[in-house]
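Think of it as A, B, C and D in the order they're written, each chain with its own count starting at 1.
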Amino acid sequence: MADGRLEAFSDGVLAVAITLLVLDLRLDSTAGHASLAHQLGDHWPAFAAYLVSFFQIGVIWVNHHALLALAARVDRVLMFYNLLLLLWVTTIPFTTSTLAAFLRGGGSDARDAVLLYGLSMTGMGVAFSLILWRLVRHNLLRRPVSRAEANRALLRFGLGSLVYPASALIGLLWPPFTLIAMALLAAYYMIEHTPILPAYDDGAAAVVL
Amino acid sequence: MADGRLEAFSDGVLAVAITLLVLDLRLDSTAGHASLAHQLGDHWPAFAAYLVSFFQIGVIWVNHHALLALAARVDRVLMFYNLLLLLWVTTIPFTTSTLAAFLRGGGSDARDAVLLYGLSMTGMGVAFSLILWRLVRHNLLRRPVSRAEANRALLRFGLGSLVYPASALIGLLWPPFTLIAMALLAAYYMIEHTPILPAYDDGAAAVVL
Amino acid sequence: MADGRLEAFSDGVLAVAITLLVLDLRLDSTAGHASLAHQLGDHWPAFAAYLVSFFQIGVIWVNHHALLALAARVDRVLMFYNLLLLLWVTTIPFTTSTLAAFLRGGGSDARDAVLLYGLSMTGMGVAFSLILWRLVRHNLLRRPVSRAEANRALLRFGLGSLVYPASALIGLLWPPFTLIAMALLAAYYMIEHTPILPAYDDGAAAVVL
Amino acid sequence: MADGRLEAFSDGVLAVAITLLVLDLRLDSTAGHASLAHQLGDHWPAFAAYLVSFFQIGVIWVNHHALLALAARVDRVLMFYNLLLLLWVTTIPFTTSTLAAFLRGGGSDARDAVLLYGLSMTGMGVAFSLILWRLVRHNLLRRPVSRAEANRALLRFGLGSLVYPASALIGLLWPPFTLIAMALLAAYYMIEHTPILPAYDDGAAAVVL
């Protein structure tokens, strides 16, 4: 661990953000409310968005963990990039609730909600790439990395970042597509390793963080 | 401790979820409100649900702690199971507030609220069993465990998971039963040990985590 | 430190509870609202309650820290007492907002709000005494403590716990008294040491935690 | 690290406070709402305030981290100063939402909102100076510091604290100035080092925390 407090603070922000998502799940129990079962059916975008965003932030945590485990030390610029990452992550409860609220209405509002959601995911992906870039280019890693290996890692991370805006843009045609694509992306990044393996790596251990 | 950050993140999520429960305790002080004493009596399901859910999450923390203390290392699949556990735990503030809001009304809404509450508890129980399964079957424990011992532990955990949906189903006949059963379950799991004892175990230490 | 995760979880809950207090500071900016300056003056009980409760929880953290630093190990019963303590602490944002909302109205509502606030403080004080009792009576401390020293510590802690309900009862005559008394108690416990000093203690170090 | 739990608790409070800021980003999706795009444009002060306050708290964390890393030990007075710092930091979500809500209206409300925002920043700056003062004057640092070096550090920190109220006062003439000045201050403190360098310092490492 390069810097216990950087990780502790990031863990705290990610833990609060992932738990705040639940505040959007609210049913109406005031006089004249629809039946609970009917409300649950009616609010499906809120539950779908909750599920997708929960795993998005969960996977961000898993990968943040894996990336920072590679660092031997942390500098101020990396701290700033980490703040940028957290900034985008903390917008996820907001863009998720906006998506949940406007998705069913369709029209330009649903498209704008999809763009907003894609923006927070894209910003998050870019910040992740900046962190990797800083680690690789400023020699903050625990072990030397060849230029070819570094380029390969940056390319793969960078390409990954492009999938988020692409998913949002395709969502302009059919908004629910974005939710589905983001869910698949979360599943992909759950399985996918960080491109640079730790020094003490050997087969099975590569999966261990 | 197998992985400090896995535990730190889980602690964070559990701490936020257990504290967010209090957001459902709100009294009305706007003009024309009922007296405070009357409101307190009127909101008893909110206070009962708060108490039960607080100890549910508290006991989840105690057992999460005990289970992870057995792990020598953590793999990606276990991280995913842990996320599943946290997903169900973070729904508890929502299913608790739903139960509190709809329990008194009775009828199909109270029954649906009970089912919803039972669902989050059942999902949590299943995720716990998955974590234990992974630890036992993939050799992630700190000490070797015989097949017989592993089967016994999985059976006991698995049976425990069945009590949650059973409590919810019985609650369909009389909704408050679910709250009472969940309170008793929390009390039971507070006393009950993790089935597999740590390697450095000896009498008194078994109680120590 | 007896158990890193017990302290991490408690720190998390205390940090969330102390920060949630701010959610009660809300001004009205909808059409036809009173001027900001007027609202600030009008909401003084909210600000006073915020300040007092912030330091209450802050001091609870300082003393929780000092108490747990004495423990060599932690058992399940102590974990349960710790959960009890956290239960009462997490009610503080609720009892604080209730006090803030009903204090100005006076009458029986103000008195009930004072009793409710006193209840969460008394419960917290009792839970603290239980933790100290468990540490002392079950030999969980880092160094042996004489029976006389243990009795003195328990007596002082126990007496402290009585001051909370007393402050609430006097508040029935003049509700703002409770806020003032609680503020003074927080100030007292900020200065006051834990009755049992750590083993490595020497003059100056006694103040250090 | 002088005291793991002081930092863990502070990290928790800062993480919750920085994440709670997002609760102010809410759009209206009830019947008859304005279009999402229009609402986003209409709420620009909320987004600008979110951004500025996020980096304010982020930079507070970075500097809190750097300052506490200098401490060899922590005493009760320093804990109290730290609580004071956290008190002011936890008011930032409130003063930020107040600024966001009243900035556009202009008039005395916008000026009062600017003063309130400036107050929480000034209080935070003063608390930071108190922590530095305590560390320097009571010999809590990891290495001896000459009187000249200590005075220089205190002077620079103290002058920094004056910029916050100055920014708020100038904001009385044109309220948005305060937001801009606070953003510039956050950027400045992101780059600026803590005045006293750690003992193990050497060129590049000075940037590392």
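To be clear about the criterion, contacts are C-beta pairs under 8 Å (C-beta built on N, C-alpha and C of every residue); 3 or more make two chains touch, one makes a residue touch a chain.
Source: prediction; values computed, not measured.
In the Cα superposition of chain B onto chain C, the rotation angle, rounded to steps of 5, is 90 degrees.
Interface residue usage between chain A and chain D, two copies of one sequence, is largely distinct: under half of the residue numbers at the contact are used by both copies. Centroids of chain A and chain B (each the mean of its C-alpha atoms) stand 26 Å apart. We define each chain's centre as the mean of its Cα atoms; on that basis chain B and chain D are separated by 37 Å.
Listed for chain C are residues 8, 11-12, 15-16, 20, 23, each touching two or more other chains. The residues of chain A lying in touch with chain D in their complex are 3-6, 8-9, 11-13, 15-17, 20, 23, 73-76, 79-80, 83, 86-87, 90-91, 93-94, 97-98, 101-102, 105, 108-109, 112-113, 116.
Those residues of chain D that touch chain A in the complex are listed here as 1, 7-8, 11-12, 14-16, 18-23, 25-27, 29, 35-37, 40, 51, 54-55, 58, 61-62, 65, 190-191, 207-209.
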